[in-house]
Each structure stands twice: as C-alpha cells, then as structure tokens.
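In the part that follows, the structures are each spelled out as structure tokens.
Each of the next two complexes has subunit A plus one other chain: subunit B in the first, subunit C in the second.
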Partner chain A sequence: MKKLKLEWLKAFRAPLIAVTIGLFFGGVVMAFSGTNPITGIIALLKGGYGSTYALVTTLTRATPILFAALAASLAWGSGYSSMGAGGQMVLGALVCAIIAPLVPGPGWLVCLVSIAAAVLTGMAWSLLSAYISERFATSLLIITLMCNYLADGIASYFTTYVFKDPFGVDASAIQTQKLTVGVLPKLIGTYSLHTGFLLALLAAVLLWFVSRKTRFGYQAKMNGLNVNFARYGGVPSVKMMLLTLLICGGIAGLGGAIEVLGTRLRYVDGMITSPGYAWSGIIASLMAGNHPIGAIISSIFLAGLTTGGATVERQLGVASEVTLIIQGIITLLITAQLVIKWKKGEKS
Partner chain B sequence: MLVEMKHITKRYGEVIANDDVSLALEENEILAIVGENGAGKTTIMKILYGLEHPDAGEIFIRGQKVLITSPRAAMAHHIGMVQQHFMLFDTLSAAENIVYQNEIRKGIFFDHKKTNQTVLELSQSYGLPIDPQAIVQQLPIGSQQRVEILKILYQQSQIIIFDEPSAVLTPLEVEELLKTMKQLKAMGKSLILITHKLQEVMDVADRVIVMRQGKVTFESKVTDTNVKELTYHMVKRHLNTRTLKPQNPGEVQLELKHISVYGNSAKKELDDISLCVRSFEIVGIAGVSGNGQSLLARVVSGLLDSDAGELFIKGQNLTHQSVHSIRQAGLSHVPDDRYLWGSAREATLGENALMGFEYRPDFTQKGILKSQKIKHLTNSLIDRYQIKADEWQQKMSQLSGGNAQKLVVGREFEQNSEVLLVNEPTRGIDIGAMEFIHQQLVEKRDNGCAILLISSDLNEIMTLSDRIIVLFEGRINATFVRGEADARQLGLYMVKRYEEIET
Partner chain C sequence: MNLSYLTTVANSTLRMMTPVLYVTLAAAVCSKVKILNISMEGVMLISAFFAIVTNWFTHNVFLSIITAIAIGVVVSAVVGFCIIYLKAQPVVVGMACNTMMSGLSIYLLYAIFHTRGVFTDPSLQGIPKINLPFIKDIPVLGQVLYNLTIVDYLAFASAIVLYIFLYKTVLGYRLRAIGINPQAAQSLGTKVERYQFLTVTLSGILSGLGGSLLSMGSVTLFIQNISSGRGYIAMAANNLGRSHPLGALLSSFFFGFCQSLGYILQGTSIKSQITTAIPYVATILALILFTVYGRIQKARRISRLRKEEPRETPASL
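Up next is the complex of A and B:
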C-alpha cells in the first residue's frame, strides 16, 4: 500500500520538472526584457491564482481546456493520436449557438437540446475523421488536423454569411445572435465562473470511472498500451476505435457548447481557435499522463498561466507572450519525454 | 582476474534482486549463470553492463576498481551484452546496425560503401556470415542475433554477456551459436552465458554459478558437475520424469480443413493444412520455427484470416470469425511471444491477468469491473504458478522474463477452456517451472482438454504429445503417433520434404 502511494506520486515528477524548467526560462526571458525574474514569476503566479478574481478567471478559462483535455486523454490513452478536439469543439459551439435560439420553452430545455445537438455534432465530426483515417489507411493525426481546419472554415463561413447576428450594433463582428435564455447560471455573484466548470469536473470524474473501472475502459487502455495484446485477447479493435473516438467527439462537442452557453453566449468566429483551448487541452492531458483527474490540475495550471500572463503584461509591461514561451517549453519537454518513452518501447 | 564483482546488492523496492552477490570472470573463460526465474541473473548482468546501478558493492576489472554508469561506460571497458530482447533498429540494414554509434563517415556523410566493406570483413574474420545490406526485420532470428554479436565485436568488446541467447533459436541455430561462443573464446574473449538449458552449460562453459533468491548458492567447474547436480542446486528438489498415461481420445474438438495462407511469395506460407485435435489428447506440432507454426497459431486463434479452408471448434464453423468469438467458443491461447502478444508491459499484473476473463460474470457486472475478484484471480495465479511478484498492481515490466511467461501461461490455463492452443509455453522458464507447466498440460489432457502444442523444443514435443505433426515449409510433412518416431527421424522430417526422404 505504501509503495502504491509512492508510485502515484511519481506521476507528478515529470510534469513538475517540466513546469519548473518552463518557469525558469520564462524568468530568463523576463530578465532579458528588463524585469526582475523573481518578481516577474511571482507576479505571474499571483496574477494567475493569487486572488479570487484571478482564480475565478482562471477556472473559467480552464473549463474549455479541461473538456479538450478529457477528450484527448481518452483518445491518447487508448492509443489513438487524435488532434481533433479543436474542430469538434468549434462545430459543437457553432451548432449550439445556432440551435439554442430556435428552441422554444424554458431555459433548461434550451440548454439540454442545444447541448445534445453539440454533442452529436462533435461525435459526427469525430466519426468522420475516424472513417477517413480507417478507409484510406492514413494517420489519424494528420486527418484530425485537416478536419480542424475544415471545421474552422465551415464555422467561419456560416457565421459570416448565414447566421450572422442580425441585431448586432457592430456590423463588422463575425458572430451569431446573442442568447438570452438557456444561459448557464454563474457560480459566484457576478464573477465569470459558471456551472459549466462543475460539469467539466463531473465529466472528469465520470471519465475516470469509465476508463478505470469498466470493461470498456479496460479494453480501451489495453488497446492503447499494446494493440497486439488487445487483439489477442479478443478486444474488437475497429469497434473500440469507433466507440472511443465517438465519445471523444462527444466530450469535445460538449466543451464547445458549454463555452457558448456559459461564457460567450453566442458563437464568435475564432472563439475556440484563437485562445488555443484545444491545443492547451492536449498538452494538459499529456502532462497528466492522460489521467482524467490529473487533467483537472494541469488544465487549471495552464489556464492560470494565461491569466497571469495578462496581469504581468498590465503590471510590469512584460509581453504576455512570455506565457506562450513557458507553455511551449513545457510542451517540448513533455513531448520529448513521450518520444523517448516511445523509442524505448519501440526498441525493447 | 578479468572481472570481479564484489558484494553487489540491488533492491527494487522491497524486493532484493541481488543479495550480496560476488562473482568473478577469468581471462578467456566461459562462465555460465543458471538459476530459477527471478533469481537475479539478468539483474547482476545489467549491473555489469551499466543498465542498472547497484545499491552496494564494487566492480573491479583487472584489479582496478571501476564505476560502470551506462552501457557506454561498459563499452569503454570492452564489455558488451546481447540482451534477451534484441536492441536493433528493424528497418535499418545489418551493417548500419552494427556500426550504430560508431559510424564510418566520409566528411560528414555516412559512408555506406566503406561500412558494408568493413562489416563484411568483420563477419568473415569471425566466421559469422551476414549480408551487410540485409534489412534486419527480414532476417531470421538467428541472423539478427548474429548482427547483435557483430555489433558488440565491432565495439571491440573483450567481455561478452549473453542473456538467454538460445531461448528463441532453432536447434540448428543454437548449435551455430554454441560453436560461435567456443570460437570467440578461442580468439581470446571472455564470455558470460545466462541460460535455462543445462545441456548448453555442459557443452560450452568452463565454470558455472547457480543463483537462487538473489544469492550465489553454488559454484563449480563444469567438468566437476553434471546436469542432475545443477538441477538439484537450482530447484532444491529432484524432478520426476514424466510418463503419459494412455487415454482414449474423445470427440473432435478442434479441426482444420485445408487451411491455406498465401502470403506474398509464390510459395504458400501455409499449404493445405488439415488436422484435428480430440479431447483427451495432445497433438504436438514439431518443426524448425519459421516453417508456418506462428501463422498456424494465428489462424487457429482468429488473429489471421486464412485464404482458404475452414476452422471448426467443437463442431462450430469459425472460419473468418473474430478472436472474441473463437475464445467464446472455448479456445484459450498461449502465444509464442509473451511481450508482443501475451501482455502489456506497462499495465499491471491484474490488468494482464484479466485479459480473456473480462466478459465473465465473475469479473464484470453490467460492464463494471469487480476489482476484488480481479485481485483474487491475480493473487491465485501468483500463488499457483509461483510467480515472483510483489503485489497484484505492480507493472508487468517489473517481472523477470520467466515470471512474466508464467503469468501468461497461467492466465490461459486458468480459463479452463476445452480447447487449448499452446505455442512455445516454456520459453525462458526454469526447469522447475517447466516441469510444473508440463504437469498442468498433462492433467488438462487427462481431464478431457484438447491440446494443440506447438514447440520448437523436440524434447517437449516428444514427452507430451500423443500424436506428432511435423511442419515443414508450411506443409504437414509427416504425422506420427507417440513412440513411433525418435528424435533423429523427427529431425529429418523437420528439414527435408517427405518426397525426398521417402524415395
């Protein structure tokens, strides 16, 4: 039992090292731009997590990241290198924003229907990339990346030409109509944090349960660790792939919908892609070793970096790009570690 | 004294893999290390090769104390190791693999011509023939091993460690290997050989060490000992010789009708295989590995679709059916490669033990795993098959090779299915455990199980099989009933078409 705990703690070592090195280089960059790195890093962390306002902003930002991270953790943990969360979120968000104003009835019904539509959209989009990858025997990684561009294009087109907000004061804003009913309630007073965050936590716990405690999760995990072993044991590989990617698509689509219903209350062109939610989500999942509960922590951490970056820029005049550098270094270290692991596995 | 390892201790958590081990290797000798699975043989050699670091103890080379922190450092001391799982790049050529990390360059470019030339000369000077340009993954296992050995020789190693080198080789390849080892010794090298095959020790080694539970418990000159004594020191008991009680075979449980697999070449890889296995019998498939055995196993287990022919299990036509339906119909399968097919190294013992059981109501309810039951299953496997393990949630990769094999074998045996496909069940297993597994197989047969046993170990085939089928070049070359053919005769049918023998 004692040893198990240690084993569990070990999972934190690699990401912590990566984070430390990332912050160190962040400090170096700050020093170059004439800021005391210690003050800078402290300001960054304070600005990200150090006050109610900071924390609430961070948690709000962490919500879509966590959904993307959960989708990625299931896919990558089952051995499918899917980058598709981005596109699935975009289309989920778009469909949610289009459907919601059309649904008559009380707020909860609007929520339910538009969320369901978004989940289905995410699933369909994910299935499409799975099908293409399977049918033409092409890498899922590449197909999902392509599908992301395609999804972004589709969403842009529809927000610009078909569903553009007719009542907008600013005619240049590429966005859909603002929602009034079906909006997710806020959690604390007028702070930005909304119930969607709780939904994300719930999704994480649920996914943890499914992936660690059910037959499906077991089979998916074995499939990811050694696909030959899974096939040998009778795990139906095609069915597993479709089912896994379907669920991933659903989670990502849900994430898109939650961002619309909780934060933006409409689809705004680029609202998912420009903050890089999906990308951060994938990094968060990798940092957590594709563990759904771990992904909560890493998602909040990455979201906090961005929040803190904005503060540092305001307070100390350090360009907020410093957070991009930190995140970039963390990404690099985590993926390098993955590559090493993969190579080791390859050889032995 | 060439190498001295003094008072080496190595722990993994609570497990003591090496407990105050001291051993020495003399100039120009072959030292054999034998012992039960998990005795610590691989660990002590990994320490010498710099792959693991001891918690205590010292290493001396020619009297000088050395610190070996990595395989690179070992290389600098002219120590090389042929590991049980080859460390080759499959898609590169033999020559590229051999010079890896010591590339021959022309300016900044890799000099292919000179590399191939050098490797060719190297292989000729040691009498280890190899085609420098051959791609590694297309080479038979025996040649891949030769590439490993040449790589080590290219690094000018004087001390060469072999960890169970013969486990995956065909008998002919083993003979070649033993010859090579003797020849290397004649050229002034010093060798360490880890093996479970005591006859190999008697054939090539000068001195032998027995390890047991992390300690060296016996040491002798080979000329002063014998297989029986070594066996006793390894397992601390005397082993029985096995005799098969005659049984009347029952109904046909497994049947193959005209199974063929075409493959890419003009010659069929499996050619018109028809055979049946009845309950209360063990049918042995003998043959030099690479003559269709692994394809046959994959067809029977559903991992590979045959191009022609039919497969029946308990009368049910299962041609082109999934692995799952075949397992449901009552087949369990011990695969020939425990890490490629038989397990997920990064998963826990429990997760590895569960495979194939995950649809049984004992272990899942409405799709939810019953972890207490899985724990119980795993622990009972650990007990019954004497797997040296800490606890059921440790990683598979932490088990020694033989213990991992025991878990895979045990898992499939405990399915208690009526048809059993066993492919090389005792690969890497010590003689005590081998005896146990053989006994289990015989018991299963006596209880009515239908067993198809594939093995490249002729002894295993001859002691266990009621009928023997010899596979050669993908065809059934001969069929014998128990006692009808001796090893020499079987050996002949393993290397020559029957048309040539019988005319």
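Up next is the complex of A and C:
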C-alpha cells in the first residue's frame, strides 16, 4: 500500500519539476522586457488561481479544454494522432446553437436535444476524417488538420449568412441568436462557473473507468502500446480505429455544446478557435500522459495560466502570450522526459 | 477569360507557392531520414518575425535573411535534439515548438514594437524584386515572372539542388538509406543519429528562408501568426509529393494555385468563407485521388503480369 502511494507521488514529480522550470523560463522571458520576474510569476499564479474569482474563471475556461483533452487522451492513448478535436468542437457548438432555439418545451429537454445533436455532429465529422484516413491510407494527422480548417470555414459561413442573429443590436457581430431557455445552471451565485464543469469531470471519470475496466478500454490501450501486438492478439484494427475516433468525436462535440449552453449562450464566430481550446486540450492530454484523471489537473493548470496571463498583461503590461512560451517549455520538458533522464545521468 | 487574367493567376500562384515550397522541402528531407517533423510552422513563424526585427534595426535585407536562416537552424536544432537524442515523441515536440514560437513572436512583438496584431513601417526594406530588362519585355513570361524576388527563384533552385543532392550524390544516397531502414544503415556503419540530427537542423535553413519570404516577400510586414497553417499545409504537400523534391515542387504548385484561385474568386460573388476553404478541400481530395490512382496502377500492373504469365493449366482433364 505504501509502495503504491510512492508510485503515485513519483508520477507527479516529473511534471512538477517541469512546471517549475517552465515558470522559471517564463520569469526569464519577462525579465527581458524589464519586468521583475518574481512579481511577474506571482501575479501570474495569483491571477490564475489566487482568488475565488480567478479560480472560478479558470475552472470555467478549463471546461472546454478538458473535453478536448479527454477526446485527445482516448485517441492518442489508443495510438491515433488525431488533431481533429478543434473542428469537431466547432461544428458541435454550431449545431447546438442552431438546434436549441428550435426545440419547444422545458429547459432540460432543450439541453438534451441540442447536446445530442452536437454529439452526433462531432461523431459524424470525426468519422469522416477517420474513414478517409483508413480507406485511402492517408495520415490521420494531416486529414484531421485539414478538416479543422474546413470545419472553421463551414461554421463561419453558416453564422455569417444563414443563422445570423436577426435581433442583434450590433450588426457586425457574427453570431447566432441568443438562447433564453435550455441554459446550463450556474454553480456558485453569479459566478461564471456552470454545471458543464461537473459534466466534464464526470466524463473524465467515466473515460477512466472505461479504459480501466472494460474490454474496449483494454483493447484501445493495447492498440496504443503496440498496434502489431494488438492485431496479433485479435483486436480488429479497422473497427477499433473507427469506434475510438467516433467516441472522441462525440466527446469533442459535447464539449462544443457545453461551451455554448454554459458560457456563451450562442455560437460566436471563432469562439472555439481563437482561444485555442482544442490545442490546449491536446497539450493538456499529452502533459498528463493521456490519462483522463491526469487531464483534469493539467487542463485546470493550463486554463489557469491563460487566466493569469490576462492579469499579468493588465497589471504589468507584458503580453499575455508569455504563457504560451511557458506552456511550450513544460510540454517539451515532459515529453522529452528531460528531468528523468537528467536524474539517471546523475546516478550513473 | 483573357490572357492577362491567366498571367495574373500564374503570377500569384508562383508567389503563393514559394513559401510553401520551402517548408515542403524541409518536411521532405526530414521524412527522407524518417523523422516526422511538424515544427516547420513555428520555425517559419519565428524566422519571419526575426527577419523583420533585424530589418527594423539594420535596414539591411541581406542581414535579415541571414538572421531568419540562423533562427530557423537554431530552433530546428533544438527540435531535432529533442526528437533524436532525447527520443521524445516527434508530434508532441513539434506542437510544443509551434505553441512556443507563436507565443514568443507575439510576446516579442509587444515587447519590442509595443503593438499587437500587425507591425509595419515604411522604413522596412523588402527583398528586392527582380525584373530583368529583357525578360520583362517578353509578353507573357514577363507578366508571369513580374515582381518575383531572388528568394522566390532560390526556392525553385533549391528543389532541383535537393533532388540532385538526394538522388545523385553519395551523401544523399546514404540519407535515403537511413530513411528506408535505419537499422540496416546503422549496421553498415552509418552514424544514423548524427545524420538525422544534421538533416533536421539544416532543414531549418529552408524553413527560415520560407519565413523571410513571408514577412519580406510580396509584402513587408509582420502579422500575428503570419504562417497561418502553411507549415501544416506543407505536411500535406509533402505527403502528396511523396517526399520527393520534385514532387514537392508539383504539390506546392498545386497548393499555390488553389490559394491564388481562392483569392481571385474573392472578387466574385462567391463568399470568402468558401474561397478560403478551397486549398484544404483540394488537399484532401488530392490525397484521396492520389491513393486511388496508385491503387489502380497497381491493379493494372498485377493484371498485366497475370496475362503475360498465364497459369499452367493441367494438360488434360
């Protein structure tokens, strides 16, 4: 039992050191533009996690990132390098925002129908890229990247010309009609945090359960560890790929819908792509070693960096993109397992 | 559809294709030595940025291009080191690099020029445009080659040089051997890791040149995320060109054509959201068609072989 606990701690050690080094470099970069690095880092952390307001904002931002991270953790953990979460989220959000005002009835029904529609859309879009990649033997990475740009164009077209808010005060705002019923309830008073965050946590636990306790989860993991071995062991590879990516698409589509129903209450052009939710999600998943529960922590961490970055920009006049540099360094350190290798080199 | 319209399309195709050609070539040499490099997007972006920074401080085009190349080499070396010597997952390293470079360029843009979004200044020098007197006066060719820079021409030249290097020299042969089977190359005494590292590092020259062309080619300015996915397009173009330098030339021409078509159609009643999507849809379709074509060819070859060597039939039944 004691040993198990130690293993747990070990899993956290390397990421923690990586985060520390990442923040250190963030401080160095800030020092270059004449900001006191210590003040900068403290402002960053305080702005991200230091107050109720900051924490709630961070958790709200973490919700779509976590959904993208879960989709990525399933895909990448099963050995499929899919970048498609962005496109699937965009289309899921768009369809949710279009369907929701059309559904009559009470709020919960509206939520249910529009979420289902978004999940199906995400699934369909993911299946399209998976099918093209499988059937025509092209790299999934490239197809999903292209499909993201395509999804963006589609969503932008429909919000600009077909479903543009007819009651909008500001005619230049490219957005759909605002939802009044079927909105996810807020968790704490008037703060922005909504029940979608709980749904994301639930999804993470569910995914963890599936990957640990079901046959599908086992097969997916085997596939990720060694495709040839999995095939030899009787895992149907084509079916597995389509099924895995179908579920990933569903999760990403759900994430898009939650963002519409919980935060924006409409589809605004670029609402998923310009904050880079999907990219952060993929990075969060890779940071956590494609572990669904670990993805919760890394998603919240990354969201907090962004929230803190905004504070730093406001208070110290440093561009908030300094957090992207920190993000990149941390990812690099974790994936290269620099910390572990350095330790090993020290021993030998 | 008159002639001048066609020459405009051809001219803008050439100008659109050269940055993509550079990064596609970078992707091609990396995949020739079996390294999946997706960091070209970030390398190109940061090179484009530092080209403008040097330009601003020195007003010297040559120095700016050299800086872009140097930055490209340095960043590519870090990426190569992580992938090859530290055995990190190449896709993750590439994504980390792209994230970092995007952040760094915006951060420095704000720190140095105190601006967000776009930076431009009349004192910035663009790469000089070459309009040779005698070619300029040839009716069609003069318009097609109008206002191309020396770096544009260098892109075509480097495709040909790379082809000769990879397919006609011993060193190129050795590099290709690594790509075909690293273990076999290793057993023959080739220092696989060193060659891979050098290839990835020197691919930074190409990405850097591509970057300098972005910020100082047809226009002289820096926009946030000026590379706008060209590094990713290059991966598709590399796939389409089967990692062959001349294939890269064709596939980036195809991409440049789709992009310039998109820009030209923007002037018509077709909505801009559709025209910007053209290159991406075309890439997907091209990848599909390429595979289908390859399969048909293969099936034909097999059936031809069968016809030539009919199976022995039992003498009598």
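Everything that follows uses one rule, which is that the second predicted complex is superposed on the first by the 327 of 348 C-alpha atoms of A that agree within 3 Å, B and C clash if a C-alpha of one lies under 4 Å from a C-alpha of the other, contacts with A are read in each partner's own complex, and residues count from 1 in each chain.
In the analysis below, a residue touches a chain if its C-beta (ideal position, glycine included) is under 8 Å from a C-beta of that chain, and two chains touch if they have at least 3 such contacts.
Predicted model, so just to flag it, every value in this text is computed and none were measured.
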Just subunit B (first), just subunit C (second), both, or neither: which does A:M222 touch? first
For A:R231, is the partner it touches subunit B (first), subunit C (second), both, or none of the two (neither)? first
Please indicate which partner A:W108 is in contact with in the superposed arrangement: first for subunit B, second for subunit C, both, or neither. neither
Which partner does A:Y131 contact after superposing on A: first (subunit B), second (subunit C), both, neither? neither
Please indicate which partner A:F24 is in contact with in the superposed arrangement: first for subunit B, second for subunit C, both, or neither. neither
Mind working out whether A:Y53 is in touch with subunit B, subunit C, both or neither, as first, second, both or neither? neither
Any idea whether subunit B or subunit C touches more of subunit A? C
Can A:C147 be said to touch subunit B (first), subunit C (second), both, or neither? second
For subunit A, what residues appear in both contact lists, the one with subunit B and the one with subunit C? none
Which subunit B residues qualify as touching subunit A in the complex? 13-14, 85, 87-89, 301-303, 322-324, 326-328, 333, 335, 339-347, 351, 354-356, 358-359, 364, 367-369, 371, 390-391, 393
In the complex formed with subunit A, which residues of subunit C make contact? 38, 82, 86, 88-89, 91-93, 95-104, 106-107, 109-111, 116, 229, 232, 235-236, 239, 271, 273-274, 276-277, 280-281, 283-284, 287-288, 291-292
Considering only the defined contacts, which subunit A positions touch subunit B in the complex? 3-4, 213-216, 218-219, 221-222, 225-226, 228-236, 347-348
In the complex, subunit A touches subunit C at residues 29, 32-33, 81, 132, 136-139, 141-143, 145-147, 149-150, 153-154, 156-157, 160-161, 279, 282-283, 286, 318-319, 321-325, 327-329, 331-332, 335-338, 341
